[in-house]
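What follows is a pair of complexes built around subunit A, which joins subunit B in one and subunit C in the other.
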Partner chain A sequence: MDKVLSNKKIIALYVLPSLLLILAIVYIPIVLTAYYGLNEWNGIGAMTFVGLDNYMALFKDATFWNSAWHSLLLALFSGLSLMLYLVVAMVLAARIKGAQLFRKIYLIPMLLSSVAIAQLWLKIYHPTNGVLNTLLESIGIANPPAWLAESSIVLFALFIPILWQYAGFYILIYYAALKNIPASLEEAAKIDGANALQIAWKIKLPLAMEVVKVTIVLAVVGSLKYFDLIFVMTDGGPSGSSEVMASYMYHEAFRAYDFGYGSAIGFFLLVICLAVTWVIRKLTATKDTIQYS
Partner chain B sequence: MFNKKRAMLLLSVCLVLVVSGCGANSNEGTGGTNGEPAENGDKVTINFMHLWPEGVSAGQNKIVNQIITEYQDEHPNVAIKQEVLDNEQYKNKLKVLSASNKLPDVGVTWAAGFLQPYVEGQLFTPVDDLLSGELKDKFVAGTTEAYAIDGKTYALPLEFNIAPIYYNKSIFEKYKLEIPQTYEQLKAVVKTLSDNGVAPIALGNKDRWTGSLWYMYLADRMAGQPALSSAISGAGSFKEEGLLKAAAEVQSLVDSQAFVKGFNGLSNEEAKSEFLNGKAAMYMMGTWELPNFTTNEDIPQDFRDSVGFFKFPTVEGGKGDINSWVGGPGVGLFVGENSKVKAESKAFVEYFVTKWGEQSVTGAGVIPATKVDASNMDLPQLYIDLFNEMNQASSITLFADVQMQANAAETHLNMIQALFGKATTPEKFSEEHDTAIASGK
Partner chain C sequence: MISGNIRNPNGIAESKSGMISKLGYALLYAVLAAVAALQLFPLVWLLFFSLKNNQEVFNLPPLSLPMNPRWENYAKVWSAGNIDVYFLNSVWITITATLLTVILGSLVTFAVTRMKWKGSSFVLGLFMVAMMIPVHSTLIPLFSLFSKVGLTDHPLSLILSYIAFNMPITIMILLGFYYALPKEVEEAAIIDGCSVNRMFVQIVFPMTSSVIATTAIINMIYNWNEFIFVNTFISSDAYKTLTVGVQNFIGQYTTDWGAIGATLMISILPILIMFLFLSNRIVEGIAAGSVKG
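And then the complex of A and B:
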């Protein structure tokens, strides 16, 4: 085995296919996107080079910053919801009765496709026949809001299914990380008289920290470029109140036929994601990794 | 050890095979769309991309297949390869294909503003020769013009639509309502219905063009068709008094609870189901919905029998005419400029358009863009009435979002949603329109 992996040619052979694939479908398009962003282009005819005009316009575009704010809010909520998922995972990992069942229940949304989830929640939020409003009316709340039609609440109404969609994924990751912590540590802490809260805070959390860091990056970056449910459920509406960066990019490129500007948004989105990832890595950097074996 | 090494090599070979397999597939997929030149004798393949999938547009899909089969029987040297996509996907794919210059030989396009960039990019070929040939005088007046840019026609229309207000006769009977002739009467109908807890009008304004229809009619009736047309074309202004009043009127309709609850978050499909379930009394939509109110067996007979329509009422003191409609040609067929089988494709388009006219009336129950003698066909009354209305129309204004260039259309649609959602004022609404149209993209 070691002999195989020390042969440079073999390494190249293994790495090359996926490297070529990634170059062709990820890195080259990124470069092209950045280049398209420098052009005035309707996606069909000839391109005219306009330099940084699109990027300059982007900085002054109130609609873009509005959608960026919405994306940021989503990132914030996703980040915060991670704490809840961690707690749930800790409870599940503590070998309580029915943990197996709950784990499966939490995981199911992840198995559904985004469009199916969107359809499901459209039915829940339907202003007159929806499950939610029927329920609210039956407990005596007259005239409950039309969740997806009111500018002030639509964004938060969308956050719920988005967070729900990924809950199972993060709970599963945390569950696996927590299960990896040797039972001996917990037992030792118990003997020393630590209560459940102390064990969670002082033993489990630090040991799962590396995983937590990864999930923060995943959740925040995933939220910044989020698109699916918003596209299907509200299409960014009403009048832009649930527009996020990715949906704005889509609308500019495919609806308004402004591929140059759409590409500029796309590239800027990438820059934002990279910057945020870097900041998160810096903020959560620790000097010494905790060993427990 | 040796076995392991071999196994790993085998695995990586598999990966390479998979990768190259993908490559081969995609080559096959894209290479074909440009039409193969006449190889091995006279065999010709025409690639035809359209948007009538079997599930969504069963009637149209059947007709397409029928026409293609007939054509292939009559022209044994021609094979027609279909690619079927759903509406939105179709639009996206058309864009992507045109960016890489791989348009199909024959495809479906929309009129005016949608067509413009494709014509500027020289991707569609003019079909004027067909219009002066066998198809001369076959089209309903005003349909092919929507596909003309700089004096050349780039596509041949298939359908022609106008948008009436459909209403549920049994709901109207229950509350002893009459068909409104004036806008004041319409408002009275709305008030009675909403006082009785019935949603007056089904509107799915998440899709935005649905609300645009309402604005356009109000604008037409208040400011008159010429004012609306010139504002859309950029010659006039949306700040014209009548147009401003129309925008304000939209908001007062919203205030009077005229539209279903949460209309700005509902899609057209969801709104339509409110009307189909008898929960909303009125629904304004194009004549492409006719099959659902006449022949579609999936919808209960009781309901289909109780659907009637009326023209958008006149507004007192307004400049509009009750016989002025909002509508226009639906989709049309284009032939790719870079097609290698242009002559054959044009012949197919000519054949298709002619056959479509005859068969779409009886088969799909939609109104074709070609002149059809419907007098000796057995057709539903609702269809005949609307067909006659169309022939008496004093003017037909093309849907605003189709008329405008893509960017202006997007502004228009966004502003419509904002206007209905009261997130903007009529003044701001008009101003944004003028700016967007003036920018010329």
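And then the complex of A and C:
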């Protein structure tokens, strides 16, 4: 049987198409990104090797650090909002009638395209006819702001639809993890006189910690490379006040035709995402894994 | 009797705590319902304004029902805005990429979990690590690679990219199922002289049909909503998909709210309808694809 199952021709036939594809579309491009970053290149003409010039310029580029700060702020907000999602998931998992329906409703925004969500929220935030300002005016707030046109609030106005889009995703993950905890543990704690808060804090939270770690990585890395809604809704504006790392990369490459510099930003983004994943995993590493038996 | 004594030491406490828990239950329910309302409200508003004309949008309260629904908004954008072309492109590109991803992903998962070969865990690792690589870091090299081989402004650039970037999550969801699948049937088939190819096509593939359906749905949602690749690689209207098409169309008709609303509704309806019928599978697929990483 081993002979049949170690037939090299069949293994090659099954694995090689996908392997070659992922090498060509994912791995070769990231090597090229690093290499392009060492060149002066407009995307069409000849490349000129400039060594680390692009990377040095990047470290001195105030616009880049500004965009990195915005990405970091988003990571912070997304990370903190996880606590809220965990609370909602705990409520959902506490034998609530209709929990299935609720978690499905929460998930809907995540299934829709970012373009549709961005266009919808552009309308919500519309200064004169948007639903937000119409409602604010109807409860007596005169002259509500033009949310996406003011550089001091635009970033936070953008965070709201981003969180809105992904809330259901995290609630769903937490709900699944909490439902995995055997009911016997909760029963035992109840008999010992623990109240609902103690059970949530001392039993459920520690047991859901593995999943919480995964979601922290997902939320932080997802925020650092975030692009979609910001690109469609403000395109980084007004005057760079909502620029994030990925949108800055896109602008440098495909608007300013500075492919070398854009690639340097792209490579930096990759390194940051991998490094942050590694650091968070290290920081939250635990030796023992939980087993229910 | 014993457990009854522990929970309710005396009758007075029972009625009091019963009231509190009922009140608490109602409060929890209110929180969950409020979150659901927040998630749904923008979409309901979108549905309403897609059926109004500008005068009704601007002068009536935002949540007033569209008294005489203007379905003509939908008919108008469907033919006038090229939306029909974009829609068909989205359909065939989504289906082609999904079918290929699921078939190729199944072949790889089969080879990794059933066949015996050196380097299988390394190859699996390559697929899993690819999940952590930000799409944006590959964008510039992919664009230049595709233009070198004449694939920019060609649907193949999208299909190849979708397959490569969705392959990791597809394999991850399939893996869990393949590991849990008993091998006895396959072993018996091999002893009876069945070839590996025939075994895969006639035994394993049909046995995994339920997880294949789950991965296919997840793939379809991702492909349908994809924006950045279409926006970067495709320039002619004939090949654009709905996400970028909607974006361009709205850019031209910024003032007609009904038309914009109808366009957005058309772009999200297929996903909403799919969700209505297949929500359990979607929930299951998203949960399976996220936590194990």
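In this text, the second predicted complex is superposed on the first by the 274 of 293 C-alpha atoms of A that agree within 3 Å, B and C clash if a C-alpha of one lies under 4 Å from a C-alpha of the other, contacts with A are read in each partner's own complex, and residues count from 1 in each chain.
Methods note: a contact is a pair of C-beta atoms (placed from the backbone, for glycine too) under 8 Å apart; a residue touches a chain by one contact, two chains touch by 3 or more.
Given the structure is predicted, the values throughout are model-derived calculations rather than measurements.
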item: Fit-or-clash call for subunit B and subunit C when the two complexes are aligned on subunit A; value: clash
item: Partner chain(s) touched by A:Lys8 [first = subunit B, second = subunit C, both, neither]; value: second
item: Partner chain(s) touched by A:Leu120 [first = subunit B, second = subunit C, both, neither]; value: second
item: Subunit B or subunit C, by number of subunit A residues touched; value: C
item: Subunit B versus subunit C as contact partner of A:Ala176, first or second or both or neither; value: second
item: Subunit B versus subunit C as contact partner of A:Ala194, first or second or both or neither; value: neither
item: Which superposed partner A:Leu270 touches (first subunit B, second subunit C, both, neither); value: second
item: Partner chain(s) touched by A:Ala149 [first = subunit B, second = subunit C, both, neither]; value: first
item: First (subunit B), second (subunit C), both or neither touched by A:Ile160; value: neither
item: Partner chain(s) touched by A:Met47 [first = subunit B, second = subunit C, both, neither]; value: neither
item: Which superposed partner A:Leu205 touches (first subunit B, second subunit C, both, neither); value: neither
item: Set intersection of subunit A contacts, subunit C complex versus subunit B complex; value: 1, 4, 13-14, 17-18, 21, 43, 254, 259
item: Of all residues in subunit C, those that touch subunit A in their complex; value: 3, 6, 28-29, 31-32, 35-36, 38-40, 42-43, 45-46, 49, 57-58, 61-63, 104-105, 107-108, 110-112, 114-117, 123, 126-127, 130, 132-145, 160-161, 163-165, 167-168, 187, 190-191, 195-197, 200, 221, 224-225, 227-228, 232, 242-244, 246-247, 250, 257, 260-261, 264, 267-268, 271-272, 275, 279, 282-283, 286-287, 290-291, 293
item: Residues of subunit A touching subunit B in the complex; value: 1, 3-4, 13-14, 17-18, 20-21, 42-46, 122, 125-128, 146-151, 154, 234-235, 237-241, 251, 254-259
item: Subunit A partner contacts - residues on subunit B that touch it in the complex; value: 1, 4-5, 8, 12, 15-16, 19, 91-92, 95, 98-99, 117-118, 120-121, 123, 199, 205-206, 208, 260-266, 270, 274, 279, 406-407, 409-410, 414, 417-418, 420-421, 423-424, 441
item: Touching residues on subunit A, where the partner in the complex is subunit C; value: 1-2, 4-8, 10-11, 13-15, 17-19, 21-30, 32-33, 36, 43, 88, 91-92, 94, 96, 102-116, 119-121, 123-124, 129, 131, 134-135, 138, 164, 167-169, 172-173, 176-177, 191, 211, 214, 218, 221, 225, 227-228, 231-232, 246, 249-250, 253-254, 259, 262-263, 266-267, 269-270, 273-274, 277
